[in-house]
Amino acid sequence: MELLTNGTGLTAVVFLPLISALVLTAIPKSQELLIKGFALLSSIVTFIISALLLPQFDFSNADKLQLGNKISWIKSINANYEIGIDGISLPLLILSTFITVLAIIYSIEHLPEPKSPKGFLALILVLETGMNGTFVALDLILFFVFFEIVLLPMYFMIGIWGDKTVRTVAGFKNQIETRLYASIKFFVFTLFGSAFMLLGFLGLYYRGNRTFSIPELIELGTNGAFTGTFAMLVFAVLFLGFAVKVPMWPLHTWLPDAHTAAPTVGSVLLAAILLKLGSYGFIRIAIPILPEQAKAWAPAIAILSAIGIIYGSLACLAQTDLKRLIAFSSVGHMGFVMLGIASLTPIGINAAIIGMVAHGVITGLLFFLSGSMAHTYHTRDMGRLGGNMKLLPKTGALLGFTAMASLGLPGLAGFWGEFMALLGAFNPLDGLNVTVFRGSMVAGAIGTVLTAGYLLWMLQRVNLGEPSDEWNEMELHDADGYELAAWIPLVILTILIGVFPKLIFGATNDAVVSLLSKAFGG
Amino acid sequence: MIVQPVLVVAAALFSIGIYGILVRRNAVMVLLSIELILNSVNINFIMFDTMLADTMMQGQIFTIFIITIAAAEVGIGLAIVLMLFRNRQTANINEFDLMKW
Amino acid sequence: MEIFEVVVYFILLALLSTSIRVVTTSNVIHAAISLVFTLALTAILFLMLSAEFVALVLILVYIGAVIVLFLFGIMITRAPLGKNAELDNDKNKKLGALISGSIFFLFSYILINGFDGEVVVLSGSSTELLGEILLSRFVFPFELVSFVLLAALIGGITLARKDEALVDKDQI
Amino acid sequence: MVKTSINLFAEGEIVYTDGGILAEFAWVLVVLPFIAALIITFIGKSLPMKGAEIALATIGIIFVYSVALMFLHITQGIANEFFINVGSIGQFDIEFGWVVDGLSIMMYFVVGLVALLVFIYATNYMEGEIRYTFFFTSLTLFAGSMLVLVSSPTLIQILIGWELVGVCSYLLIGHYWEIKDNSSAAMKAFITNKVADVGLMIGIIILALNTGTLRISEILYQATHDYPAIKDVAFIAGVLLFIGAMGKSAQFPLHVWLPDAMAGPTPVSALMHAATMVTAGVYLLARMFPFYQGIASEALDIVMLFGVITLLTAGLIAVVQDDLKKVLAYSTVSQLGYMVAAIGSGAYTAALFHLWTHAFFKALLFLGAGSVIHAVHSNSMLEMGGLRKVMPKTFTTFIIGTVALAGLPPFAGFFSKDEILASFNHEGETTFFFIAVLGAFITAFYMTRAVSLTFLGEYRGHGHPHESHTMMTTPLVILAVFAAGSGWVNIPGVYTGFTDWVTTRKTPIIEYHPESFDLYALGLGLAAGLIGIALGYYLYQLQGSAETGDNKIKIEPIWTVLENKYYLDDFYFKFIIDPIKLKLAKAVDVFNTNVIDRFVNGFGQLASFLGAIIYNNIDQNGIDKVLNMSSSGTDNFGGKVKLLQTGRTQQYLMLFLGGVVTISLLILFII
């Protein structure tokens, strides 16, 4: 048990997948079964370790950073290997390890073309290291490293296993393969943001007594060490870095392309975890270190979020591509998350975290389903789909359920994030412009109607009606055991969080309240 | 008996051997020059043995060993030269430039 | 100066001249013969330094066996008997002389400085003692050397055998 | 499981108990349907009745439990609530729970009874239909969701039940989703409700933030005890909550989904219109009634206004409908208008009383209509007629329902409608009172029209209709008994038990209780009903003919307006839905691909253009040249140095020794 509490456990959660990925590369290509089994085993072990951390985690002190340690790393710039989790990162960490297990289960039988389990599974594991690392890192440099590690596997996943159809791109003369365009767009966009983010980190380092430690910087920041133009600039660059990842309107255009082009598992992980890195960055770094600036920027963030909600929902209504529709729905849902964060109230930020988890679970499942359907039907065009309930009853039923969850049905996970975000936005932190926030809140509320609209419309076009004749000759396979094994846990999680949100709030509430009281007093 | 002249002559033998190795074109002649070098070493050993009056007589024993090894070396060396000659029909070592760029 | 030392000096001088002849003569056979003289003079020197066993070994092994080998080698490689202008590599001569001269200078400088005025006191015959030591304390290296000889024997035979496998046909 | 911590004292009027163990285990009512739905989903198909038996057993247990609660309630009065904390967020406790008091017990009973009868009816009605098992899953969930709603002690649970009901209605309305119209109707129901839910959601948010709690009882306590924070927002919150209620209880102008919802199978319509879903709005208003009465009385005026508008407009549309189910649907809308208007006028008991009686006779009418439709395989009344001979049981029960709806004594509708009219009269709302009387006349008229076209005259349809199975007629008979007698529980001056039932709750209800019949209202209402029946019978039975139906009495242009439902649907589609879906969404998509994406791509192109310039001019001809030169220099140098590699051993040795000598000389003489 000592091993779990002194940081070794967390380190294992972060690096075990990476080591497994390295081992995986050493297994010969012909041993497919061994490769898959090993990848699955290592992801399960990682998940079990992260689950074992739960009983060690002191929930009565959820606002304190726990189970971590601090080891000197790069002495010359005072960068440390400093890790730890609190109530905010705990649910996200567990979500990350859990979704990875499901992704690998799904991949066992459903590898995208070109089939090469070794490379694909290794990339998933590397990705997991990046994701887990970002959630536990308490040092800006460490955070940055993990934040960037995530890019590469995803880039390769999209670029190698992505959609090979050729398409025209607005403003380009030549046609280009979707996967190439999407992967480059994803990579460059994100790198663009994080390059600025690094500048911000360096700025904090030089102003903040030459430390990269997040807790120390929070201590400094809440005592007013960063002010004036400097703080404004730093927040601006941090905002740019995180907002691209979230993604916030109008920096979102990489998302639909990346999602559409990515292989199923890629888009699941992208939606479920990767998008959370940005909003997590806001909660963990930008707001507590620069509270005054967060307050100054909050109305702008709220307005952008509101635009994102409405815009994403409207864009969904215009889509004919199933995966693209779900991708745009992410823009809308992450808008709710950011609206919650912008309110800077305990309610709003709690809402943001549960919204992140719920979006991870629900949209992850939606991408699983749409990916599987795209694979079965060889098309994502909703005009050609239809009667899915008849052709693939299990998949169809799950799609219906998940769409309901996604439109924020109370009693399912998605509801809390939306409702509480609106609740938070109605009464933002004292001193913020109430009119702006209430306007954003009303926009968000209208967004929920539009969300219901496009999801039900999607269901009508895809799931209901008589199937078209073109599927008569095709042999269509409904969800098999592996798929169900990957999906059912998400369904159960959706219901559990929906009925008993304490699963998340129990961990996050204290941490959020203490974070905000530290940052804004009272 | 003075030591210095003997040692200097041994050094001279060594240098002459080097000269032979560097200048001779015939492989057998090169091997002969190597014998000269070995001989100079033998002289040194014996000289030092006598000078130090070593009770274990290590100088002499080493000289015996060197002679033995030299014999072996000559055997192998000539065999190699023979092989080369068979392959190239010459013993001129300037012809053996396989290591050239 | 005793007569003994005079003899030694004389021998040393002879050594020098015969050894120089080994590397300068343009006749292969002469070179070999000169080497015989060099070795013989060395053996005499050893005798005078009361290392009679080594001197005998030298004569037996070198003059009796090695030189014969050399002569066979010369014969088999069809080296032109008699004067041969081609024997030396003329391009290397100057440089070789310079280098060997430098080495000689270097060595002699060190030796003259290091052994200034050192004198040897000669003792009597030592062969009996040598035999004892060789077969007691140094018996193991002794045996090892015999193995080396054996290996060289086998190696020499293997290399020199006219084996088709070892002949590079492309080169012929 | 946390019992309520603050005791909201009832201020002395009604004595009640905590309900003991029966109340403590009332959560069974809520949880059971969901478990049953799970069981039906997974093993339903393999059972002999394909899952219907589990649904029946579940709803049977619920009914029995509700009867037990009802009995206990009548004998000793129960008011209690229970909370379970499911999470804390900021200063809010998010709690679920269940409330056991007069209002909710009444609803449990109504839901239990109507659902039980509808389920029994449906086992036969739906026999051989597609997705039989799934139908019962949804139906069970529907009942369960309604129970979640009516048992909720917190606003958040109300919201949950609210939306769950919406989803279940979506599933059930769209039961025959192979046909696009049906799935569109389901979507319409869901989205219309969702629009209204936005109001409810914001209303809840406002209330929660201004009271610091989500518990209904605490909010009501604050509303009745002069808390300033809630007072400031009372009006807006009241209106917003009412907007939510407008969606579920189909008030004008958000009633459009309800007639379309007839696309679902008839048992669904019966359940939805009688006991679940549409009563949710009325229930919410009743639950929050002390709040409205205490500090949001201006909002009540709006409630009443919309209620009255609804009761009139919907009633008028019902007159022109040819589809039997649609007549009943608009009738429901109209009756809901009565209930809402009653709440608006402050007549809490009257509204709930009408909800109570309406549940029975409307369920009866729908099931009767279902029986007819089952027999003639058509919804259109123009293809019916003369069915009283072949379907005597259905006819008799349908007539009882009609009379109850038209408000003739001694049937249930008479008492409840009279109480509403009396309340209007008492409040002095003369205009609204007369509109309500007019509504009563219209109700009687269109019901008589429906009966005439369906049962009287000659048969105009195809095939040979016959009486339905006993499984279908038995519920009709039972409901007929309730339609006839359920009004007798609240006869002014005789027995007013119902008033006591529904006013037994933690927050007191202050309202006008009629001590005796208001003869003025009673007389006018009765007269309106009788005239309506007489006119209807005259026009459609004596004047009309079997072949032409009602084509004779069309009054243009009112008829066209009514047949087009006041062009409300067209308005919504033309001005709201189509612009959003076709224009705005397209515009956004075009904006996305052609503006933002083009910008991003342009950025990329600019970068690659700059890159090309830099590459060609600086990189290739600048840096690269230097690099290339350095590499070619290396190449040249190497070319020269390699000449050293002659392969001649002697040369190598010479170089080596030369080096050794040089270094040695250096060491010896210089360093």
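For clarity, chains are labelled A, B, C and D in written order, and residue numbers in each chain start from 1.
Following the convention adopted for this analysis, a contact is a pair of C-beta atoms (placed from the backbone, for glycine too) under 8 Å apart; a residue touches a chain by one contact, two chains touch by 3 or more.
Computed from a predicted structure; not experimentally measured.
Taking the mean of each chain's C-alpha atoms, the chain closest to the overall C-alpha centroid is A. Among the inter-chain contacts, the highest number of C-beta pairs connects B-C.
Between subunit A and subunit B the centroid-to-centroid distance comes to 78 Å (mean Cα coordinates, whole Å). Computed centre separation for the pair subunit B/subunit D is 109 angstrom, with centres defined by C-alpha atoms.
A separation of 115 Å divides the Cα centre of subunit C from that of subunit D. For this pair, subunit B with subunit C, the centres built from the Cα atoms lie 6 Å apart. Counting partner chains per residue, subunit A shows two or more touched chains at no residue at all.
Shown for subunit D are the residues in touch with two or more other chains, namely 650, 654, 657.
For subunit B, residues touching at least two other chains, in rising order: 18, 22-23, 94.
Pairwise chain contacts in this structure: A-D, B-C, B-D, C-D.
Taken together, the subunit D residues at the contact with subunit C in this complex read 650-651, 654, 657-658, 661, 664-665, 668. Contact residues of subunit B toward subunit D in the complex are 18, 21-23, 93-94, 96-101. Those residues of subunit D lying in contact with subunit B across their complex are 642-643, 645-650, 653-654, 657.
In the complex of the two chains, the subunit C residues touching subunit B come out as 4-5, 8-9, 12, 15-16, 19-20, 22-23, 28, 31-32, 35, 38-39, 42, 45-46, 49-51, 53-54, 57-58, 61-62, 65-66, 69-70, 72-74, 76-79, 86-89, 92-93, 95-97, 99-101, 103-104, 107-108, 111-112, 115-123, 126, 129-130, 133-134, 137-138, 141, 145, 148-149, 151-153, 155-160, 162, 166-168, 171-172.
Remark: subunit C residues 89, 92, 95-96, 99, 102-103, 106, 109-110 touch subunit D in the complex.
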